[in-house]
Amino acid sequence: MDLEFEKSLVELEQQMSELEGGSDNNQQLNSQVTQLKRKINSMRKKLYADLTPWQTVQVARHPERPVLRDYIEGVFSEFIELHGDRAFGDDKGIIGGFASIGRQRVMLIGHQKGKTTEENIACNFGMGNPDGYRKALRLMKLAEKYNLPVVSFIDTPGAYPGLEAEARGQAEAIARNLTEMARLEVPVVVLVTGEGGSGGALGIGVGNVVLMLSHAVYSVISPEGCASILWRDGSKAPEAAAALKITADALLELGVIDGIIEEPVGGAHRDHAATFDAVKTEISQQLARLKKMSARRLVEQRFKKFAMLGKFDNRKYAVHR
Amino acid sequence: MDLEFEKSLVELEQQMSELEGGSDNNQQLNSQVTQLKRKINSMRKKLYADLTPWQTVQVARHPERPVLRDYIEGVFSEFIELHGDRAFGDDKGIIGGFASIGRQRVMLIGHQKGKTTEENIACNFGMGNPDGYRKALRLMKLAEKYNLPVVSFIDTPGAYPGLEAEARGQAEAIARNLTEMARLEVPVVVLVTGEGGSGGALGIGVGNVVLMLSHAVYSVISPEGCASILWRDGSKAPEAAAALKITADALLELGVIDGIIEEPVGGAHRDHAATFDAVKTEISQQLARLKKMSARRLVEQRFKKFAMLGKFDNRKYAVHR
Amino acid sequence: MGWFTRKKAAVEEKPDLWTVCPACKAHVYKEEWQAALKVCPQCNYHERLACTERLALLADEDSFMEFDADIRPADPLKFSDAKGPYADKAQQTVEKLKLNESILTGGCKMNGRSVVLGIMDFRFLGGSLASGTGEKIFLAADYALRHKLPFIIFSASGGARMHEGILSLMQMAKTCAAIARLNEDGIPYISVMTDPTTGGVSASFAMVGDINIAEPKALIGFAGRRVIEQTIKQKLPDDFQTAEYLQEHGFVDHIVNRAEMKDFLCRVLRYWKEN
Amino acid sequence: MGWFTRKKAAVEEKPDLWTVCPACKAHVYKEEWQAALKVCPQCNYHERLACTERLALLADEDSFMEFDADIRPADPLKFSDAKGPYADKAQQTVEKLKLNESILTGGCKMNGRSVVLGIMDFRFLGGSLASGTGEKIFLAADYALRHKLPFIIFSASGGARMHEGILSLMQMAKTCAAIARLNEDGIPYISVMTDPTTGGVSASFAMVGDINIAEPKALIGFAGRRVIEQTIKQKLPDDFQTAEYLQEHGFVDHIVNRAEMKDFLCRVLRYWKEN
């Protein structure tokens, strides 16, 4: 799928494939192709170096962008899925289990999106239900018992807004996770890989380290939702996206995240393998670093990190970082 | 309601009320009435001093026997009901809340039976659902946070055997309670007031002290159920009741309970007030005693108590007590 | 209850003597409405209160000591929307309400017992949770922790404040982290949900009380009714997301009338045994 | 897998060469049935195993050291029913099965890793939980605690043993208390539910594993199917109380085929980091 803002690139790429498709294989043609390729690459590099927030949203939601299953295959050498919240069901929108990254063993939890409509219906488009958040909490508590770090992959439009979800306590489930994750005595590494949608994202997002892929977004409300409330016009989503400061760069500056994992040129969906490498390297390093901290220090560091956000020093707002 | 085995008593009582109803109020009649009264009392005393196990079952299930609501009114000076398991619902078969007994404040939990069919349907005849056991656990954990003793009143035919109850994990809910109650860092006083039905009773029954009213029963299976399995004949319930050793005396001897609260002559249903007095006195004393123990000792004592049950010393079965 | 009596005089000067209950449309004398603490005598609807009104119903006279009154909305994003800069909007709100943030916090006595209180005010940008709100809750919880005092929050909020973006979202984690420390130290935290308690506030500190209390008929829920109806494409039950519905589903311990709230809280707190 | 190969010879001597699968009624060569570890090649039905058979599939060769083999059914109630004294019935069962209780416990190695195992045997009075069973589990858990070894129980039981009355019931609390201590000390406890795991066993140690594993299609549940149908007066779904149903409802982490069980357990245990 091509994104709207990549139109000019797409045209050049079509030109190139026409040239390549030509039967004659003379030197002139080859050099034309090479030139074009270089041009496309440099255009793409430029385009992606300077994405608007709204363009970033589109990249973050790109249907070919890696989803949790892809990361499990590409980043982790083993994954043993563990099912169920031990009370009601086994949510498909949030999954988890034992996983190995290099030589490090962790408890992996994350939002599960699909790639086809069918898959997406099965996993609810990555929108967690209360049983999903409760399963995640159960697994985090198990990680605590087994002294395993928690790695959390965030990619959700938000917690599922349904009748049953409300009846079974969507609010309670998220609130409980925020409360319990604050005191978890093992390292927690969080990575926003795509959409970091509001409370549904934060519900598994209280980490010692919070990272983002360079074209991921993380927001209190979807740009569309914000536009329709504050602009009274859903089509003003681009304006809202810009105003909300939802890109990795902006969030790093605000101190909300601790690091950015650079995506390959053209976005993670253009080169899964390179994305997995970068993710694997960064998470491994973070785990190695956090492993050296005592349980008490981990809790204290995580607590202070969130205490700093929106802090008022001497009663004046203070951006930390 | 009169019980089958009280037939002869009932006849005498009818005689007496006929005499009393007589219009002449001469001395001879008065003395006849007095004599009859004495006779009835002594008969009842004898009858109740020597109830068969099956007769005890009938007394334990007597519809006029005090239920939890009665104890709340008669034994406790305050009760603030707390609702909900914070995940699914608010079971009516198991309730709980803050309660005061004399000057002591406790967390009270218990099975709720009704007295009319309507009431019983509302509270499911005292049969807990998973959400009931989970509510009880939540309240016990709250008691732990507030440093409050737990008082648990047991009166249930058993946990509710329903489709929904199974789907939501009746087994898990009970098992979880047994596991968590074992390590609760506050005193737990358990009193079986009527029917102690199997896992449904034990699910809120892991106490530092387990008491029974003198005509209550506590059993691994209902006598009817046992008879229909082992005798292949439900009408052999009296035999099963005897074989299962389900009366307070038998259980005290087996070391399963720690004390018996004597009921008034003729059973708790004949004299609620006297029953409440006895219950209040005994529970208050137990609480006062346990209050002096540290959290660690409480856990250790409770653990050892249950470890002793069915213990094999030097590989030979050993009844402790 | 000083506040309510003081207010009466002002009311009488106005020509319109009637209040129309927003819930049942009953016409009630304004005086009666005030005397009933803004609760409808017909349908028991509990009208939203200003934080100062609520405070008057809770704190023993002259016992309130406000915390962090000078914390005002920050504008970390330099946010502007169709109506202009958030900074201006916030400033206007502050001036209009004589209130610096969407929550009032402080210490006070309730029937002689010291507690720490947080009272949200829906009039302040929909009672939205933003950096200032979160910080005030955090600092109040910290005070409760250090002084071993029970902490009570009255919620009234539409959710996180969009104008402070992700920093508003982070206040959910920050406030819950503060509550988590109270849990660890065995300090009571009681949540009282009033109309409305939704979105990010319901999904954070409002839902994790040792005891969750609600005012009758308060709207409580995570997602908005319209969003849910659009998602599931079916009508929702009438009592959906009411306090009563929440209690039935296991999330509210007790529904307490406004007039009994103070005494109820005091009764409950007697069950906490300080170690 | 010594046990399965040893057994083959004996099977061949018998005239009837076929096993009929109790689940799908397929006719399967006994030899094939044995080679498949008593799993139906047609429908993946996992036949119940004797504890010794199960042990052979799990323990590294010659690594098993049995605990408390001399614990035999006690008769604390001097129980008798229509068929006579429990003591006699127990004695006959012991002699017939060459097994002293409904569970086999001990230490062993699994792919070189030390673990403590408990394996229930449904042939022994329906795998019922009684004083001896509970005591053996308790002592095995205690061993696991003292030696910091993972504890794994394979359940197969109809529930508590009526013949030991309330003392059987109390084993539910006793075994869970033992598991609770493992939790406190961070020692892994893994529950594997095999066909059937019901009643008091499902409502105690079988359901509170760090990980709950089940064999395919195992019957798992608290109340009996008939009792439930009588209570709710409606037919139950076909897959009710199957391992698959339990997984769907959130109570089983993983359903594992018999042939892969040992390796699966070892893979899982690698995630426990001893402190």
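Letters are used for the chains, namely A, B, C and D, taken in the order the chains are written, and counting of residues starts over at 1 for each.
By our rule, a contact is a pair of C-beta atoms (placed from the backbone, for glycine too) under 8 Å apart; a residue touches a chain by one contact, two chains touch by 3 or more.
Predicted model, so just to flag it, every value in this text is computed and none were measured.
**Q** Please tell me whether A-D or B-D has the greater number of C-beta pairs in contact.
**A** Ranking A-D and B-D by C-beta contacts puts B-D first.
**Q** Averaging only over C-alpha atoms, locate the centres of chain B and chain C and give their separation in whole Å.
**A** Their C-alpha centroids are separated by 42 Å.
**Q** Please tell me the distance, in whole Å, between the geometric centres of chain A and chain C computed from their C-alpha atoms.
**A** 33
**Q** What parts of chain D, by residue number, touch at least two of the other chains?
**A** If we look for residues of chain D contacting two or more partner chains, we find 183, 249-251.
**Q** Please output the residue numbers of chain A that touch at least 2 other chains, ranges allowed.
**A** Those would be 86-88, 168-169, 172, 176.
**Q** If I apply the definition of touch given earlier, which pairs of chains qualify?
**A** Listed by label, chains in contact pair as A-B, A-C, A-D, B-C, B-D.
**Q** Give the list of chain D residues in touch with chain A in this complex.
**A** Those residues of chain D that touch chain A are 183, 186, 188, 210-212, 247-254, 267-268, 270-273, 275.
**Q** Enumerate the contact residues on chain A facing chain B in the complex.
**A** Of all residues in chain A, those touching chain B are 86-88, 130, 134, 168-169, 172-173, 176.
**Q** What part of chain A is in contact with chain D in the complex they form?
**A** Those residues of chain A that touch chain D are 78, 80-90, 98, 105, 107, 131, 135, 142, 145-148.
**Q** Can you list the residues on chain A that touch chain C in the complex?
**A** Per the touch definition, chain A meets chain C at residues 159-163, 165-172, 174-176, 178-183, 198-199, 202-203, 205-206, 218-221, 226, 229-233, 236, 239-240, 243-246, 251, 254, 256, 302-303, 306-307, 309-312, 315, 317, 319.
**Q** Name, in rising order, each residue of chain C that touches chain A in their complex.
**A** It is residues 68, 70-71, 74, 76-77, 79-83, 130-132, 134-135, 138, 160, 162-174, 176-181, 183-184, 199-200, 202-208, 220-224, 227-228, 231-232, 234, 236, 240-241, 245, 249-251 of chain C that touch chain A.
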